[in-house]
Amino acid sequence: MSSVLELLAQQFAWAQDPVVVARQTLAGVSNGMLLFLISAGLSLIFGVLRIINFAHGALFMLGAFIAVSLTGRVPESAAGFLAALIGATAGLAVIGIAIETGLLRRIYRAPHEFQLLVTFALVFILGDAAKLIWGREDHSVAVPALLGGSTQALGLTFPTYRLFLIAAGISVAFGLWIVLHRTRWGIFVRAATMDRAMLSALGVNTRRLFTAVFALGAGLAGLGGALAAPVVAVGPGLHVQVIIDAFVVVVIGGMGSVMGALVASLLVGIVNAFGVLAFPGLAVVLTFACMAIVLIVRPWGLFGIPE
Amino acid sequence: MTADGEPILRVESLAKRFGGLQALGGVDLAVARGEFRAIIGPNGAGKSTFFNTMTGLLRPDSGRVIFEGREVTGEPPHVLARMGVGRTFQITSVFHDLSALENVQVSLLAHARRAWSVWPQASTLYAERAQELLALVGLAGSGGRLAGALAHGDQKRLELAIALAGRPRLLLLDEPTAGMAAHERIESITLVHRVARELELSCVFTEHDMAVVFAVATRITVMHQGRVLAEGTPAEVRARPEVQQVYLGESVTPQGGCA
Amino acid sequence: MSPSALLPLCAGIGVLALPFALSDFWIFIAIEVLAFSLYAVSFNVLLGYGGMLSFGHAAFFGVGGYAAALLVKKTGLSAGLAFALLPIVAMGISAVVAAIVGFFSVRRSGIYFAMLTFAFQMLLYTVALKATGLTGGDDGMTGLKPPGALAQPLVYYYFALAVVVPALYVLFRLVSSPFGYTLRALRSNARRVQYVGVDVRAHQLATFVITGAFAGLAGAVFALSSGNVFPGWLNWTASATPIVMAVLGGVHTFLGPALGAAVYVVLEVLISGRTEYWPLAMGVIILALVLLMPAGLTGLVRARRSA
């Protein structure tokens, strides 16, 4: 028995070191913010359009690649990075409009397997399109000089970019909250997650609403990708990996809830950051197990609407 | 087995609450064998909730349901069906993708506990008996037609055939004439009444249309706001002042909404 | 001989004589078609007949493949004995896994059911990826060979035929039986079917287990033919394959998905042979299918016949 305790003590030895704890928490929170940018859009798209957008990871990836291209000529320049952020967000919003009006609109009334197939098709097409345009190797984006290096806070040293990511995530979350709770359009969106039929009966142009929601979700994913570009390997296959954690987040947070996406993203980000220390191989299994447990016990997640 | 005189269905203080709304506030009911019992009441009286709670679609908060002397409170629908309770729905509920004949065959197979039979070809099983049941409800020639393509009235007949396939001893019909034109309604309930007499079934049905009720019911239970207001023979109930008050000003044409 | 018996008879003779007209390479393709036909048809029993859209059917195909690989490589049994046990072991292990997954998944319906099957598939994928000692990890398991004469493509083709055709026949008897009728009724109106005395959850679980077992058998047959099995067989992108095959062939007939499997496999071989952008091509084909030919290939044939 004491040997088991010893083993556990070893696994968690790092917990005694405040530097390690602080560093992992920061990493977890900043990763959580990136996760939030993908998941918020994914959750809204499901809540309003009732479509599980498997291609959302591909949209994130395209945002990262756009950032690669836009900063390529002016590495480390703050202006270049800003241009990349704007370009990725706007570019993906436009792509989102094209996808929704050209494709998704036709299948809203189709059986679910058709909707699934369409988003899968987008995964395959966008994935290969990225390969064709940007090649098969991994790319990277240099952290802009302004945001590079480290910062002192609370007696500890943190990478500045990570702090920036957290600030950016909080800003976006705040911005989304303002839009959803303080604008007329936002109220329609929240109403749509609860009762779509009612909304069109009230005379709201649901077609344009759907397009706008998808564009918003795509834009957020693009922004997330661009922000993530300095800290992840931007290459083919990125779109397959990132979507998985996003699904876990959306299920735990509640499909259709932005607040749920935020809370769950931070949760998953932090659990992953510490899980990697405590149970290196099994951290991934933990996230899927959580997803399954939530679906079994409380499928509408933390903040979703019980059906 | 029940002794003579034991009601086929007994409900004691059945209660169900939805959030702030007490949908059923302690309902008592006793239906004798061979009765044709009507449950009436204005919209919102709790009739559909009563049916759903009795038959296991909803869990009651308190109270008991006793069928043929056995307690069945909260048992799921498929258990009740196997015990001999049949049900039809207010909004017609048939197997749209299957033919009318297949609809009845499926019910016969399920009742014969053969739903798990994996080897025999089902198309020939019980085909004759299914055809008989279709004829009983007046759908003799429509066996090959897709259930979803049948006219509304015919779907109601099909639903009756499906319920009868289970050889029930008690039939619960939720607004069996909902959605029908006036002249169809009497015809429809008369068919149910005739079939029930022929097969020696007890029936409990909810209804809005008084003409229909007074044409066939042997006893009437009046519900109001989740409770039983009055009960008795049609003549007795008609004379009660509380009943008249509840229905005062109500026209005789059916509403067709949920109770 | 009646005309309606002529077509199946010719098809039967054609299938039996086929390998003599093909090169070794194309015999392997024909074996792949057989395995994937079983895979697709089993999936369609779940979807087309049972109305259950599973995002995790690929898990059972993969489990069957790994079961075959482990049986041949790690049990130390003689090649002949291992091979003789192959169908039972593959189906048995897949059935057990399907029972566990299904037990939790069928408690939910619709989107939650689908996401649960997805979560379980990803759990199994992670196991395949990380349990390096057992499954070979990322490298998968290679060098799988059927014993003796069966290693020759021609002979293995007849083995595959001897496994797949009876399996398809069993599934056909299943959907034409009272069990199958009840399944269709369940798909049509789950509430009503309860009231005729059917335990919906039990029926769905049984269907899930049976179809999972046959998918596992298909995976085992394919693994020994292609000689390897990889974790990628269980990745979420692999979930698209059975859906594409079923919809391509047509979900409204029993053998439609088998036709879809044949077309899919041949297309994949032809296109992958010419370009590395098979996903792109597949995506385009899926979109064309969904938008232009939703009833699948068999739907086209039926439309022609009634026109």
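Should a chain be cited, it is by its letter among A, B and C, assigned in written order, with residues numbered from 1 in that chain.
Keep this in mind: a residue touches a chain if its C-beta (ideal position, glycine included) is under 8 Å from a C-beta of that chain, and two chains touch if they have at least 3 such contacts.
Keep in mind that what you see is a predicted model, and the values were worked out from it rather than measured.
Asks: Using CA atom means as chain centres, which chain is nearest the centre of all the protein shown?
Replies: Minimum centroid-to-centroid distance belongs to C.
Asks: What's the farthest chain from chain A if centres are computed as the mean of the Cα atoms?
Replies: B
Asks: Can you compute the centre-to-centre distance for chain B and chain C, using the mean CA position of each chain? Integer Å is fine.
Replies: The answer is 43 Å.
Asks: So, what's the distance in Å between the C-alpha centres of chain C and chain A?
Replies: Here the centre of chain C sits 33 Å away from the centre of chain A.
Asks: Go ahead and note the Å separation of the Cα centroids belonging to chain A and chain B.
Replies: Distance between chain centres: 51 Å.
Asks: Can you list the chain A residues in contact with two or more other chains?
Replies: none
Asks: For the complex, which residues does chain C have touching chain A?
Replies: By the definition above, chain C touches chain A via 47, 53, 55, 104, 107-108, 111-112, 114-116, 118-120, 122-123, 126-127, 130, 235-237, 240, 243-244, 246-247, 251, 277, 279-280, 282-284, 286-287, 289-291, 294.
Asks: Where on chain C is chain B touching in the complex?
Replies: 173-174, 176-182, 184-185, 187-189, 191-200, 203, 206
Asks: Enumerate the contact residues on chain A facing chain C in the complex.
Replies: Where chain A meets chain C, its residues are 52, 54, 103, 106-107, 110, 112-114, 116-118, 120-125, 127-129, 131-132, 240, 243-244, 247, 251, 255, 281-282, 284-285, 288-289, 291-292, 295-296, 299.
Asks: Residue numbers of chain B touching chain C in their complex, please.
Replies: Those residues of chain B that touch chain C are 55, 57, 76-78, 81-82, 86-87, 89, 93-98, 102-103, 105-107, 109-111, 114-123, 125, 162-163, 165-166.
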